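Take a look at the following structure, please.
The first chain written gets the first letter, and so on, giving A, B, C, D, E, F, G, H, I, J, K and L; residue counts start at 1 in each chain.
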């Protein structure tokens, strides 16, 4: 059975009560519940993880090797600053999909550069909670095609 | 019934026989067929259009006003050079979704800047033909929520 | 009798229904009518032309040689991206006046650079439909002083 | 009766004897006389002012509040260096029109950036003395539409 | 009673024994004692917190919502690199004041850009321990004016 | 008795009636009155000065040598353009404190660079009239510690 | 028999009457005649094509696949702005030679960057009509060495 | 007896199974064993430490003051992003040597800038495990010359 | 008899008591006295002028036309910020020599760009008071060769 | 009889055994032999020269004045770094043709800027040994048209 | 027996009497003597070479092919300016190690870019004479592993 | 007796016959003769040296230590490219004066940056042969004040 790791980056634990015009009214718990529903239907295993610590995300990825078929990550603020997370993704060589709730290309200039994108398979951004759901569909597609 | 316009930019008519390691082996006809299957299931109308001419794409978008609920566009090379297509999208104010077959962030530097992204709702890139399918799902979701 | 060519660039056919806070409520037809009134009073011939195609504008300018005394152009989106239109203006050596409806210097950064301005006689921007009327007055002044 | 303030920036007192290929042979007195003729015809009051001092221009603008309906300014060299004049225009919130005798976009690179343009209504440049006359027409149009 | 959270960023635990020509001879304990004296006089509650971990600071801010009326932060090195702390401040929408012991504008180039400043209310820098005391006064002023 | 010179840069004479959402509703006279109250309590002499002229500010600073113990300056627009004021501060070697009413780091890009900051002791910005009061407190602290 | 496609970009139809100090007095017809003479001698087939439309050039290249052994292109203004033509050349994978009549490195800055050069075999520039003739010789050499 | 602290930055715990063409096949344990052999021969004490957390590295350095004579650090990804680690090294003023397994100057552009290098004594990069061994030799040389 | 105008820019009235390691111990009066001695020997008329006001310098240059054969200017801080002084020099077309007491190329980055240099005949910098004396010699040489 | 000087820059003596995928398998001797064959047929005199020393190339060009009708140069590495060779070409005013074996626009960024190109007549690059032969043809054409 | 070539770049012949705070008090002769001692112990052949001429260094490298197993180079000033030396190293394909006496990353900005580093195996910098000794050890390690 | 070394950089041997509108009609021999006349009058020893080789100039400067009191150098093209000459000047610590015949600030952009200026005492440029004569006077003044 294919296994997918979902990683939520910094401040995403505040969803629902945070700048709702940019990020929407749903909570992280609601996102995870939605993703698990899809996983159940699609018959894949799903583990979710949120951390505000760059180092914890690095470690989570480091330990994912051999355990997960695909990573779905919303690196949030670390998208633009973390070479360490980028290196972790390269190191474990697990196909990784980057998602963003907001359209990062319609915001401040510094949000337009993703250090993660060049090592990811692909990117989904701007669709609110739907970014996660579409990203998960892409992840499942990739995970299922990998040998177990 | 919600209506969606799919626009394919320059050189996409060459898909299938073009740099297959970057763009895959499927043809434009195969993409359109896949998208129409989804449309049928989801009960939305779909029109597809390919052009190598910036001006024709500008005109297609200009005439979409009042006719379509959502635009799904792969602007291809014009992603990086066309202010005219960007202005057309702003002018008609139809929600627009940008898709890319390849991961444009893992290629030449000039491909990392999209003039379209800031006026689009969101972006899907890097999943091959799947970029279109995921983008269409996002489009359908938006189109169905609009009043007709 | 002096002859003036008025060229409207991409998306200007959408005027009136397009971002009215930036571009105003008047249509392209209304602009042309206003300009023709002035032309009649000033006893100059006027031809107007709109295209969304960079190539068509290039060709229109190329064929203007020997036929027109002055060109009045609102290059719209091509202001910022078209070396071809710039080269066409240089090639025919007809005095050219650049106009913009909105104040392009108070908008996005990429709109602050005009590839056309260095080969134009002068520029009028920011006065809504008045930009065209003032530009036409400048054009008439130049056209009348040229030998026929 | 609408009132318009015309401000001439540094070195414009030298017109007529200064780089005539760039700035023409007319003097500042001749410009002012031309503008006053138009004002008389159009039934608006006109005050003209020249200064080589950034601070004096800042003060003239500061005192214009409540007295003038529109400002017509050729900031000359201060176009490119004066945040203080820009701030004065923002502070008094009187609609302001920027004019230039020469085509500043066809000269040295540093002349292509105007600190004034983003806070002005619009800009006229490159038509010699005509830039002032066209700018005045735009100013009159705006001034007459303001309530007195 | 108004409540203020004081956050000290990385390496500030080393104050007193660290580059004393730049940072002075006082310790972090001495700063906190001084701030508490002021708080007592001004009748506000004060909590102080130091961390070398970007993630811990992000979490501290995230949990401050609804508990504190104002945040006083010396982000130290994270001033120049942390989008995550910036996002946390935006997310909780608590007025935040940025302080620096040294004059960051008189040091290396990379210290002149603060990612925090655009989302802070204001900034105090260069006055040694006094930066904190002045910042606290500003914070108290803001905190007292907020409804409890 | 310690003596402090307060310098207000260009357009600050317009305070109270100028962009009140950015600069507040208080007038320059009110600021000066507040500062004088503090000076009286703290038993320091205070002289205040406003000018829209870069040259006058340069001269005021030049003549301050040997007369004042500290300078409190809001250079306003000249913050970003005046090397002359910077050089004057360096020349007289009187400790100088820079204040700003608004948060200059949350505004246009060109306002983020201060030519004055590297030669100032420190900077206070973003607290409205409070910026002046906090800056004066810092100034008094410095002035009192200097030998007379 | 080897087949070579010659493509002339925008405004080259104006040759002979256009800025003769830069582009020379010969017409496009004369260039084509010269090239055909060489082709006859060298026993290669030659097709020539001129267009002012980026999209038409893209299509011409797209259809060249399997029909031509080598492309000789003077992209003119599109040299500096067309990612679409670059992508077309990459897509069809026909060896392509870039020629320029003038020395583009001795002109305006924006003419020094060619988007086409990195995907071309080589480049000839600065020799007037001779650039075409030398480029054709290089093309013939390449075309003859390809299997038919 | 001289004491040396060896710090391994993020993802180095993955060595041996990570991009072996860039980083080699040896594990972190093997590096540490090699370094300890050298330490034994040279009669210096050696402590090794790995962390994926920027904050933990900052703290480890902060606590090294007075305990270690030299630091040998491979900051890995934090080389390019951590002002906090740089400040920690400056704060404790222990001579520090920077090592890299790969030649960071032959990789992506962003890897060419080290925030650590300007505060380090020197740098060794590109020699695989040998970078550590050579760096340790340099460290021992420095540590032995310091008074204990 | 040839006439030379010497202009001293802002803060030069403070010479002698200002940063003596950069600018030396001599006063402006001493410089003027030295220059007058040379003028007497060389039989040229000399007028000296100091101002802290950009506008006054602009006016002084504007009025020099027809009265002086050469201008010797130390624009001081205005070297780097005044387009107005540059334009004044161009406007009067009097040969102008730029001098600097210090070596501006060995100081802060912003001092390395002179707006004046491109319109001056030449530049002398770095020789303390000698810069003026050498500059005057160059000026005399030029002034004497002009017809009177 | 027209005379042409061929100059080969640094490292070209290593051709044949050097990075054959970039530079081909032919030696410098073979290139010279090919060029001499053409010269014989075309009845022009040819001198060839190779040097690894910038200064020697500068001198060779300096002495070419009055002796040669055209220079054919492959400046190799000095293309990107030698102002001295550029100045030598300007100084002797002999028409000069720049050639490159490889397509310098498809390699490292720093190879895309040629200091020589702006003072050369034209440039041929990317055709292997053919670049020299085509360049020589252009040179002969120019040389023959010059008066002897 | 493995053979190593040591190349010292420009001005290194002045060591010992040159800026001793940056470069130390040892002479080039002393460095060479130290290196030869190590070579003797390690049983490798060593040739040392110093030149102030870029061209001579290029030639020395060019002739090293087939004779040396490794090159140890301190390119000194040519580090930052010589594409020719870089190309020579690429051309001969001998593994090359770059050393610097000083920490080039703690000096002027232009010293932070090495044109040599991307084609070297690795780099050692900042350890005074020790940089050479450590670099030689790395060189010996590489040289011994190569087949002879 | 004070001794001065005059160094002429590349291509200066061509003076008199080279771009006379930029460099004048005088030859290098005439410059040297003029300088020697001055030296004789001023009773200083003068040695002149011209080279087109960067390395020879480096060596000449290296050997000047202890022999010359001042260096007068026109680095010509090497002004903008030679770190080696800059380092040589720093290494010998002889006061050095930089001269230029033309006004380098009124020419191409790349000529506006001098690598030599920051390590020179001062700079004279733009006065034709007079630049040398004024520079020599400055040199004599410095040389005479040094102890012998």
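Note that a contact is a pair of C-beta atoms (placed from the backbone, for glycine too) under 8 Å apart; a residue touches a chain by one contact, two chains touch by 3 or more.
On a predicted model such as this, the values are computed, not experimentally measured, just so you know.
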Separation of chain F from chain B in steps, with touching chains one step apart: 3
Equivalent of A-B within the choices D-F, G-J or E-H, defined by over half of its residue contact pairs recurring: G-J
Cα-superposition angle relating the copies chain J and chain F, to nearest 5°: 180
Inter-centroid spacing, chain G versus chain D (mean Cα positions, whole Å): 49
Intercentroid distance (Cα basis), chain K paired with chain D, Å: 63
Contacts with 2+ other chains: residues of chain L: 53-56, 81
Pairs of chains found to touch, sorted by chain label: A-B, A-E, A-H, B-C, B-G, C-D, C-G, D-F, D-I, E-F, E-H, F-I, G-J, H-K, I-L, J-K, J-L, K-L
In the complex with chain B, residue positions of chain G that touch it: 53-56, 58-59, 62, 65, 81-84, 86-88, 90-93, 115
Interfacial residue positions of chain I with respect to chain L in the complex: 103, 105-106, 112-114, 117-127, 130-131, 134, 137-138, 141
Parts of chain E lying in touch with chain H, wherever the complex brings them together: 9-11, 13-14, 17-19, 51-56, 76-78, 80-81, 110
